[in-house]
Structures are given as structure tokens and as C-alpha cells.
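Paired with chain B in one complex and with chain C in the other, chain A is shared by the two complexes that follow.
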Partner chain A sequence: MGLSTITRRRFGGLAVGLAGAAAFPRALRAAEAIRIGFLGPLSGALAFVGQTNQNCLDLAVSEINEAGGIAGRMLEVIAEDSQMSTKTTLDKARKLFQSDGVVAVTGMVLPSEREAALSIAAQVKRYVLFPNFDEGRCHPNLICTGLSINQSTVPMVRWLTSNVGKKIYVIASDLATNRQIMLGSLKAELDAQGGTLAGAQFFPFGARDFGPALQQVAAANPDIVWHAIGDDPITFVKQYASFGMKPQLVTPLVHESIAAATEDASVGNIGVESSYMSVDTEANRAFIDAYSRRFADFTPRRVRGKVVMLPHGEKTYVAAKLLSEAIRLGGGTDYDALRSGFGKVTLAAPRGTVKVDLAASHLVCDTLVGKVMPDRGIDVIARLGAIAPVCTGAKG
Partner chain B sequence: MARLLVACRLLFAQPGLGGRERVGAQIAVAAFAVLALYPAVGSDYHLAQLRDALLLAIFALSLDYLWGRTRMLVMGHALFFGIGAYGMAIATTRLGWPTGGGLLLGIAVAASVAAAVGYFLLYAGVRLHFFAVLTMAMSLIATQIAASWSSVTGGDVGILGVPPIEFSAFGLHYSGGDGTASYYGALFLAFLTMLVLWLACRAPYGLILEAIGSNENRARTLGFNTARQLLIAFTAAAALAAFAGALFATTAGVVAPDLLGTLLSTEVMIWVAIGGRGTFIGPLLATLLVHEASQTISSLSTSLWPLLLGALFLLIVFALPDGLVSLLRRRKEA
Partner chain C sequence: MSGTVVVILNALTLISILALVAIGLAIVFGMMDVMNLAHGEFVTIGAYTLSFVQAARWMLPPETAYWVALVLAPLIGALVGLIIEWAVIRRLYHRPLDTILATFGISLILQKLIELSFGALPQVVVAPVSGMVDLFGAHYPAYRFLIIALGGVVIAATLAAFRWTQFGVDLRAVIQNRAMAESLGIDAKRLTRIAFAGGSALASLAGVLLAPLASVETHLGTFYIGKAFFVVILGGIGSVLGSVAGSVLVGGAETLLNYELDPSLASALVLALAIVLVRLRPRGIVPGYSAAHELLGKG
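And now, the complex of A and B:
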């Protein structure tokens, strides 16, 4: 309706309507959908991860809506492609928060995407729910639904030194988080447990030839090789197997999708994660079944008869469920209501029971050691318990 | 000193306003007026988007100056934009400098890199696609350095918390944290940049660049030190790109390695090509239009947008090989 078409009569109607809206804001708002933003890589090298995240967000939101929404209000997803670019993530986060009015965004994969979304979220006082494991980043507007370094690397090193061996060699992508925080935490814990760091090598993104490095590793003769080649773990794992390397391969980058893509090369690899497809909880069976039914055509890859799931997907699903519980418990969608809601949530997530540690921007949940089986499924071989998250990355 | 002044006066002497130039100037004034009135109607979100687009337009102008006039294509121009952004971020967050110092640091580093690399390449006779590809390699190297040298650049996460520009002058206080103020700041700087480049390039100085661009051997035979002219232009374009990058860092608040990378380098070439090389007002307006169009189109469908956007660019290149500005030119000639 253009300004010129507003007649006196219409204006009267409009005024009555506005007065009504002012008088019954609660009733009016009950009809509006609560919007949640998806902002992840839907094109480029990480598109498969981003799409899995989007699928899981859609799944969680339709489950919440089928159960009657949140206090009668439906949830609605507005999706945007981050294009793996900082600038685009800034632009799209601004659109989602300021133009679409979403209460939170989730779905990011890269730390740079997380930071870009966070810089806008902090300006408008909203939440970013980051569905990936990370270096232990803390921020008042951030909740990470994956493990922080002190929940993954540190207990894993402790477990390895008493169960596998004490001499570790590190091969990782050349990232700030790997060089400083991951290696630093790993070495400190290794020293505390009486182990030794046999060596560490870092590769730039795009490196595809690990042969010379693997020869050096073989010469150093460690018990364990800890790998964190983030951009192409599949190539690394395949080369590791084809070189006939003896040391036990251990990594935080382990999931059924990699196991399926590397065929037999991953078998026997040990990983540390917060969730696997095989985690034995009722919520996880329901989640994996529902995902397999709904996204049967998404990928032909199957593990133990189910559509392959990434740990990022479970983290996005958990993020959406946590958000809806927080809105319900906090009684609103503004920052303060959400914060008090997050503080009260206890959720039966696929990975097990989770709570939010607001001060550390992470979840309190079990750390799981998994091992790749010959059928390419991953079995949980040890539970390291729920470790309180600690801020090891940047704060504020 | 006096000789230098005389040389400058000759080099930048302004000829009378031609017919085609008059149309361009009218468009520029009209565009400025529309943009100046925009805050009255635009939402906070659209204002912020347009402000970023105006800063990117300065970046596009820096490439247009080089590519449009001297025909020297830089495929890794985001390198200098990124250096400017990182210079600002490192100066303000790591060294505790004010934003003015950050601006100078970014520009100085970008200009030094351009001068050093340009000296060896341009005086050695590296031109055309060889030069273009080498600049692309430089931008890839810089991206890798930014991702790896974490103690300085913050690594893959980048640098957070770059403060907005604030200063007081003549009793007035400017705060880049304010949406409307920063919009007007960007609008003013984008049009000022365009005006300065336009005035410089319509003078004999622009003709020298034009001569080198159309036939370097002939220009050298006429007595111009072409390698030196190209080096000066390349360094100035790098400094201007860094200026845009440093300003962008203060409005975005974060910098990350992809600000140095291939995607942004490609986008800036698209903006200049669509606007019309060498026309200044064309690339400026094209940056605003294409930036807005890509925002809108990429929100239409998360799966189809690369296809839609690609098709649009192909269409424009086929229909208007000389850019949007050629629309006017053709109508005038018809």
C-alpha cells in the first residue's frame, strides 16, 4: 500500500489496528514465527558439510514445529550461503540479524565464518551457535556445540599415554589454532603424563604430498601419529595407509564420512569427538533414523545401512534444539531471556545429556574415543567423561 | 622545487569540458545527490550494505585507474586491499596505534610491496598476462602468509575487534561507529577519489598513461620513460586499494585471509568490466549495483545463486562488452 492510497477510512482502520496491536502485543506475537538463521558454506570445498548442517537444522526445526512449536510459535529457517568468505559472511549475518530479524545464527564451519558472524551478533546483541569443535573460543554472544581443545585434545592425550603409547608425532594443517593452541595443549599434557613429542610438521592448505613427511615420521619411530590435516584428511589418511605406517593414527577429524570415503585406509584409526553415528542413546537412534528417511537422496554413501552423517550435523541439530529449549525456559527471544534460558537447559541430545557452560561458551558433554571398524562404522571404545570447558582461545 | 611545480602544472593542466564528459559529470552529480538523500529512506541494514559497497567502489576505482588507462591488468589486486585491511587491524589491535596510524601503515606497506615488486617486473619488461598472473601468485602467497603467520595476522581466524574511525575537527565529532555518519564518510571519500582520479586522468598525465596503454613502444619512442610511469601508476593504485581496505577493516571490525584472495580480486575485475573500463563513474556505480544485485540474488536461492549470477555476468559481457557506460555512448552516437 503506497502512501497515496491511504484514505481517511483506511487510515482509521490502520489506527485501530495499530492500537489493537499495542494493546495485545502478546497475542499478536504468538502468531509470528520465530526466525533462526542458517549461515554456512553451501558452495565451494565445504559445501557437503554446509549442506549436512542445513539438513540437520531443517530436521530439528520440523521436529520442533511438529511438536507444536515453542509456546505456540513456529520456528522458521532463513538460509544463506557464507561462500566460505569473510566478507560474504559479514554481509549475510548483517542481513539475517538486521533485515530478517533472526534470533540466532548457526551452521558455520570455519573459524573465520564464526568470527565474522560473531562481530555482527555482538553489535545487535544476538547469539551465534557454532556447530564445530574449536580451540576454546569464549564470547558472551557465542555458544559452541562441539568440544573445545581442553575437552578433546587434553583428555585424549592422557588416555593415549596410558593405553597406546607415550611418543607422539603431530602432523597438522598450518593454522594458528593448530600451531599455538592445539600443539601447546597437547605438549603440556604430554609432558605432564611423562610422554615425549617426537616432532611436529605443519602443511599449508592445499598440500597433497605427505610422502617426505611420512618418511621422517617413520624415522622418528613414534607410537602415535596425531593428525589434524583439516582441508583434506581423506588424502592424508590414504597416503598414510599406502606408506604402510606402523604408528597408531589418532585424530580429532574422524567421522563415518571419511571412513567411507577412504575405504579400508581408515580402519583402525582412533578419533576423539563428541558424537558418532553409533552412539547408543535413544535420541541418537531416532535422529539417525529420521535423517536417513528424510535425506535418503542427499548422498549415496551409507554406513551400517544409514545415510552418512557428519559430527557437524549433529552439532547443528543440537544447536537448534538447545535454542528452542532456551527460548521456552527463558520466556523470550531477546539476549537476556536466551541467556537465562541457556543457563537452565538440560537436553537429551543424540550424543547424550548436554548442558551449557555460559562462562566458557561451550557445552558440558561426554568426550568419546572412537575406533574405525572394518565395516567403516565407528565404535565408541572409551568414554572420557564430561570435562568442564575452559577458555583457551580468544575471549570477548 | 620551482621546476617540479611547473612540471605538475603542465602535467595536470585541465582542458575544457567535452560533450561526453558533461554527460558523465551530470550522471555523477545526480548519483551523488540520490546517494546523499538515501539515509532518509533506507533501513540500517541497507545503509550498512551501501556503505561497504561505497568503500569497495574506491577499491574498484583504484583498479580502473590502472587497468582502464594503462591496460595493465592486475589479477591479484585484492592483495593490496588486504594489506591495507591487515595494516589497519595490526596497527590498532596489536600495536595500540590510533586508526590514522593504521591507515598510514596499511598504505605504506602496500605501496612498498607494489614499488618493490613492480620495479623488478616492470623494468624487466614483464607485461600483459605475465604481469597479471604474477600478481595473482603474489595474492596467493599473501593469503598463505596471513593464514600461517599467526602471531601477527591471527592466522585463519584473522584479527578481531578493529575499532571504528573516530576524530574531531573544527568542533565536529565524527564517529565511524554511527551508521549514518560512516555512510556519509564513505560516500564523500568514494566521490572524492573519483573526482581526483578523473581530474588527473583528463589532464596530459592521463594522456601519457593512455599512450602507454595503447602502444608502449610508440610512447617510449616519443621519449616517455614508460616503465617508470607504469611503476608510479601501479604503486599509486596499490596505495589507493590499501586505503579502501583499511577503511573497510574499520567498518567490518574483522579481517581474515580471504580479504587478500582470489575471490575479491575477481569481483573487483567484474565491477570494473561491467561499469566500463577507464570511465571511473562506470565502475563506481557498477560496484554499487553489482554488490546489491549479488546480495539479493544470492539470497533468492542458496543452491542456484552461482548459476544466476554467472548467467547475469555473461549476459552483460555479451550485450555490453564496453560496460554499462557504453549504453549512454551508443545512444548519443545514434
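And now, the complex of A and C:
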């Protein structure tokens, strides 16, 4: 077979083979990378939250990789869509942990997604990093990067009773965690501070008319309405404003994105959170600037000149940074190394300094009181300090 | 006293929106046996028309732009309705079960198209009037009065057209017995197309009306479609008056029960009430079908 017998087809095959050989070292590098799983709602009603989480995970991972990776190993994201479905989350978590070999997953929004991912993580001894506030869930394989009930609702009630008023009316989504843990903690603290619960109503998911409830609230004449309508805070806030309600609206569900989508309806609302876009730290300015540059085309919406960011996004960013530090400090990616690493981390996060409380599955960080300003930005009007998290939800 | 008036006004707001969404569904289902699962997306289209027109401005303040959207949204809804009827629905008239699948697919496609065009973030909309007014001895949001008034006028006009115009008579004839109506020279195909577009227009109008009270997101319509089907089945398939009666019953009962009971329990009780009513009046409160229709096995 001489040179003349090399046909076009053979030449094509040869070229592909050569290209494959050239690509081989790259594949080898990828095999060495440490994998982190993204598992959140990329479609459905919470798609915007899931996409923001994914953006923030990508941002954190590229920052880590640009700084040389973790002990020379690159970090790689494998992303899956939870479709807001428990079954899909279970299937995808199984795929991420068992086939892709990720060391942890993050990005979930709903407690049901957290539970689904956690059930698989516990089987394979891996971590779930849940980037949302919650009812105080504790589990050896879980770290929540948002506030627990005793870090958010409880200190907020204390602050409200001495700064706003003592009579609170609660309107929340009809979830067992809201009915039992949230309302229970809120009422206990309210009693301790000499306040009164004027009433509480729980709405099923999908409820879109709050007229009757608001009329009853107005009749009860409380100082404060505490709202936790989780599936549609925008509808609630709009209707609250349209009824010209007098009580101060307070909620763990206010952020710049909601403020921007409700015109003037959110202005003056008070929120409790671990982070806002306006938090005045060097890490937060760098984070918000980097996000605005990289995701300028993600949405046209701006608050104070920056691309609108959700608190969930910061929590996902913090989750990735914590994981990378934990791998470095623990000296490995297996469960025991990570656990020892998480125990040693102190991170300068956008929200401020954070540490992990392994026993309570949450972070130790400041609780912030925010207020929506007329420009739809949120100013931090009070800092309630760093409160040690407590397990108020299910354990194990 | 003023408390009772507010209760009634709250019920009327919900009833107006429900009836506008349900009428189109009732006619389409009655005329063509088409279960249009994409009907909710016309509500979404209406709401997005409002946010688009208000964002585009055309040198108008958003409050004035609202009125432009109120006229434009039904036209866009009707146009999209015509396209869907022409492209998909008319090919499936004799396959009612397949239309469920097809319209469900259309619903998903429309949601995704809207998301691709406008993004996943909730859109900003502004009500044309704000603040509270005192009317009939009640202190009530001005915009909700507007919903009740506009909804009431449009529903009354639709009822009148259905009852007294030649078009309405033809439409009712087709619903009652399509074959007989066609043999009498009524162009049933043309009528169905117009009815489909009209129903879509009403849903889009409802979308504009409810947008300032809701979160304008791509899945907005899905929250209304379930309730609207429920209203149609309760009120009577193929009957405009039935849709209105069904809306009064569902909207009224839900509002009233919300005052007395836990909202979750109230929703469950409304559903239970509907099941009992459907058992007692299987063809709905105001049946749209005639005896002839029943002879054809469609009762």
C-alpha cells in the first residue's frame, strides 16, 4: 500500500485519529479534575432562581480555577436540571454522585429538592450544600448556607418588638415547616418579648387572591404583617400594596429582584436575610462586580447599576468557595477529610466572615435587617450579630 | 355594613376574572369537543402584552399605555388563537383525546417561547389607577373596581351577543347539533374558527386585567386554567351563561369560605361542593347541550 492508496476517506480517518491523539492529554486532565454537581430548577416556575444559582456556581468555580485550582487540581461543574420534581432530583442526584463522581451537590431551591439529594448523598457518604434559608434542618451530610429559623425569625421578632411594634399577623404558605416550626418559633419569641399574635393564615400553593385575608388583617389591626408566601411573594406584595395596608410588611422573602418586579409595592418592606446586593464588604463588591460583568446579558434588569442578584446566588457562591477551602484544609475529597476541612474553614464571603457549625449543619454569620428603598435597592438598616445555629427541623 | 360590601366586591373581582377565562373554554369545548389545555397561555399572552407595551412606552406614560394594551391584547390573543386553530386544532376535530396531547404541547411551547423572548424574570406592570376609593360605603382599591366594571361589561356584551345576534344563534345551533346546523347552511368551520379566536381574545383580556395583581411570569396562565375547567364543568359545557354561573359559584364560595375557614380547607370544600353539584346536575348548572346533542351520544 503506497501513498497513492490514501483515499480521501482514509485521509479523513487518519486526521480524526491524529486529532484524537492530540486531545488525549486534555481528557487526562479532565479525569483529574474535582467534580462538583449542580442540581437545581433550570426550568419551571423557579427557573430564574436556579439559573442564578448556576451562574454563581460557574463564577465561583472559574475564580477558584484561575487562582490555580485546589492543590493544583481543577474544579469542574456537572449541571443537571431538577425540574422542581422530587423524582427527577432523586434520579439526577444518583447520576451525579454515582456516575459522575461529584464530591458534593449544590443549587437546590426547594426543601423537597434538598431532601431528595440528601437521601442519595447519605447513601454514598457525600455532601449536599443547600443554598437557601430553611427551617433548621440538620443532617451529617448537609450544610445549609442560608439562615436557620433561630438565626432569622427569632432575632427578627426580638428586633421588631423593640423597633416596630408588638402585634404581629402571620400569612404564610401552607407547609408543615411553616405551620409548626416557623409559627411555633415566632410565637414563642413573641410571647417572651411581651408581644401578641394577632392571627395566622396559611395558603395552599397556587393561591392567587389574598383580598379576603387582607380584609381580615386590616380588621385585626396589627402593627406588623409577617409574610412567608413562598410560591408567589410578588402577587402577595402587589395585592398588599393595592389594598393600602397600614401595617409594616416584614418577610424573609424580599430581595432586589422582587423589589424590581413590583414597582413601588415593595418600597418600605423590611426583610431578614444573610446577604443583600448592597452589603458593604470588599468581597461583596468584587462578587457583584464580577457577576455583573460576566452575566451582563443574562437579564436586562439592573439595581443600582448592577445586574440583579438573588440572595440564593450568593449562597451558592459561598457553598462552592467553602467546599474548595474544605478540600484544601482537609487534604482530600472523601467524607472524613471534607468534614475535618469544613470544621477548620473561615471564609471572607460576600456577606462577611462565615464559619461552618457542623453539628447544626448551618453557617455562623451575621443576620441582616434590610429595607427596600425607593430605587428598589435594599439597605441594611440593622445587624443582629452572628447567632449560633440550632437544629429546629428534622435531624438525621 | 362596609365589611359586607368589601366581601361582595372581593367575590366579584374573582368572579370577573374566572368568567372571562372560562367563557372561551366553555365555547371551544362545547362546539368542538376540544379540551384546550393551552387556554391558560392566552392569559399569559395578555399579561405580557401589557408589560411589553408599558416597557416600550411609545412616548406614553405607563398608565396610558395600559389602555393601549387593553385593546391590543385581545387582538394579539385572537391572532395567536387563529394561528393555532388553523395549524393544529382543525386537523384534530374528530380526535378529541389527541387534542389534549396537542394543546398540552402547544401550552409548553408557548411558555418556552415567551421565556426565550422575555427571560425567566417576572415582568413589571403598572396599574392605570392606584389608591383606594370610597364607593357604595366601602373603602376599596380603585383598580379592583375597574376589574369588576370592565369584566362585567365584557361578560354582559358576550352574553348579549350569544343570546341576541345572528352569530350567537348560529353558534348555539352548532353547539347543540353540528350536523343539523351545517345542513341548514351554517358554515360551522368558519364559526368554530371565530369562536376559538374570540375565546382566546377574552382570556387575553383577562390577562391584562389581572396582571397588576399578579406576578407576570411565563406560567401565570397555569394557575387559572385548572380553576377555569372546574368552572366550565360545574357551569355547563358549551354554555356562556353556565360559565358565568359557575364562576359566581366557585368565586363566591371560595371568597366567602376564606373568611370563615383556613384557606386550604376552603379550597378543599369548594371542590367537595362542586363534586356534589355535578352529581346532582351532571350537565352543569346551565346545560349548553340540547336533547338532540344527547341523542348523538355527547351528553
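The rule is short, and it goes like this: the second predicted complex is superposed on the first by the 365 of 396 C-alpha atoms of A that agree within 3 Å, B and C clash if a C-alpha of one lies under 4 Å from a C-alpha of the other, contacts with A are read in each partner's own complex, and residues count from 1 in each chain.
Everything below uses one rule, namely that contacts are C-beta pairs under 8 Å (C-beta built on N, C-alpha and C of every residue); 3 or more make two chains touch, one makes a residue touch a chain.
Keep in mind that this is a model prediction, so the values were computed, not measured.
Chemist: Give one word, clash or fit, describing how chain B and chain C relate on chain A after superposing.
Modeler: fit
Chemist: In the superposed arrangement, which partner chain does A:Arg285 touch: chain B (first), chain C (second), both, or neither?
Modeler: neither
Chemist: Once the structures are superposed on A, label A:Arg158 by its partner contacts, choosing first (chain B), second (chain C), both or neither.
Modeler: So A:Arg158 meets neither chain B nor chain C here.
Chemist: Does chain B (first) or chain C (second) touch A:Phe243, or do both, or does neither?
Modeler: Only chain C is touched by A:Phe243; chain B is not.
Chemist: In the overlaid three-chain picture, which partner chain does A:Arg35 touch, first (chain B) or second (chain C), both, or neither?
Modeler: neither
Chemist: Give one of first, second, both or neither to describe whether A:Gln216 is in contact with chain B, with chain C, with both, or with none.
Modeler: second
Chemist: Check whether A:Pro111 is in contact with chain B, with chain C, with both or with neither, and answer first, second, both or neither.
Modeler: Touch status of A:Pro111: first partner only.
Chemist: One more residue to check, A:Pro204. First (chain B), second (chain C), both or neither?
Modeler: In the superposition, A:Pro204 touches chain B and chain C alike.
Chemist: On the A-aligned overlay, A:Lys95 touches which partner chain: chain B = first, chain C = second, or both, or neither?
Modeler: first
Chemist: Scan A:Asp174 for contacts with chain B and chain C and give back first, second, both or neither.
Modeler: both
Chemist: Rounded to the nearest Å, state the minimum C-alpha distance from chain B to chain C in the superposed three-chain model.
Modeler: Comparing every C-alpha of chain B with every C-alpha of chain C, the smallest gap is 7 Å.
Chemist: Indicate the residue numbers of chain A shared between its chain B interface and its chain C interface, in ascending order.
Modeler: 174, 202, 204
Chemist: Taking the complex as given, what residues does chain A use to touch chain C?
Modeler: For this pair, the touching residues of chain A are 44-45, 47-48, 51, 174, 201-204, 206-209, 211-213, 215-216, 219, 232, 234-235, 238-239, 242-244, 257, 260-263, 299-301, 308.
Chemist: Along chain C, where are the residues that touch chain A in the complex?
Modeler: Going through chain C, the ones touching chain A are 3, 6-7, 10, 13-14, 115, 119-127, 130-132, 141, 143-144, 212-217, 219, 223-224, 226, 254-255, 258-259, 262-264, 267.
Chemist: Where on chain B is chain A touching in the complex?
Modeler: Within the complex, chain B contacts chain A at residues 43-46, 48-49, 52, 144, 147-148, 150-151, 154-158, 160, 252-259, 263-264, 295, 298-299, 302-303, 305-306.
Chemist: Under the stated contact criterion, what part of chain A meets chain B in this complex?
Modeler: 42-43, 54, 79-81, 83-88, 90-92, 94-95, 98-99, 110-112, 115-116, 118-119, 123, 174-177, 179-180, 202, 204-205, 394
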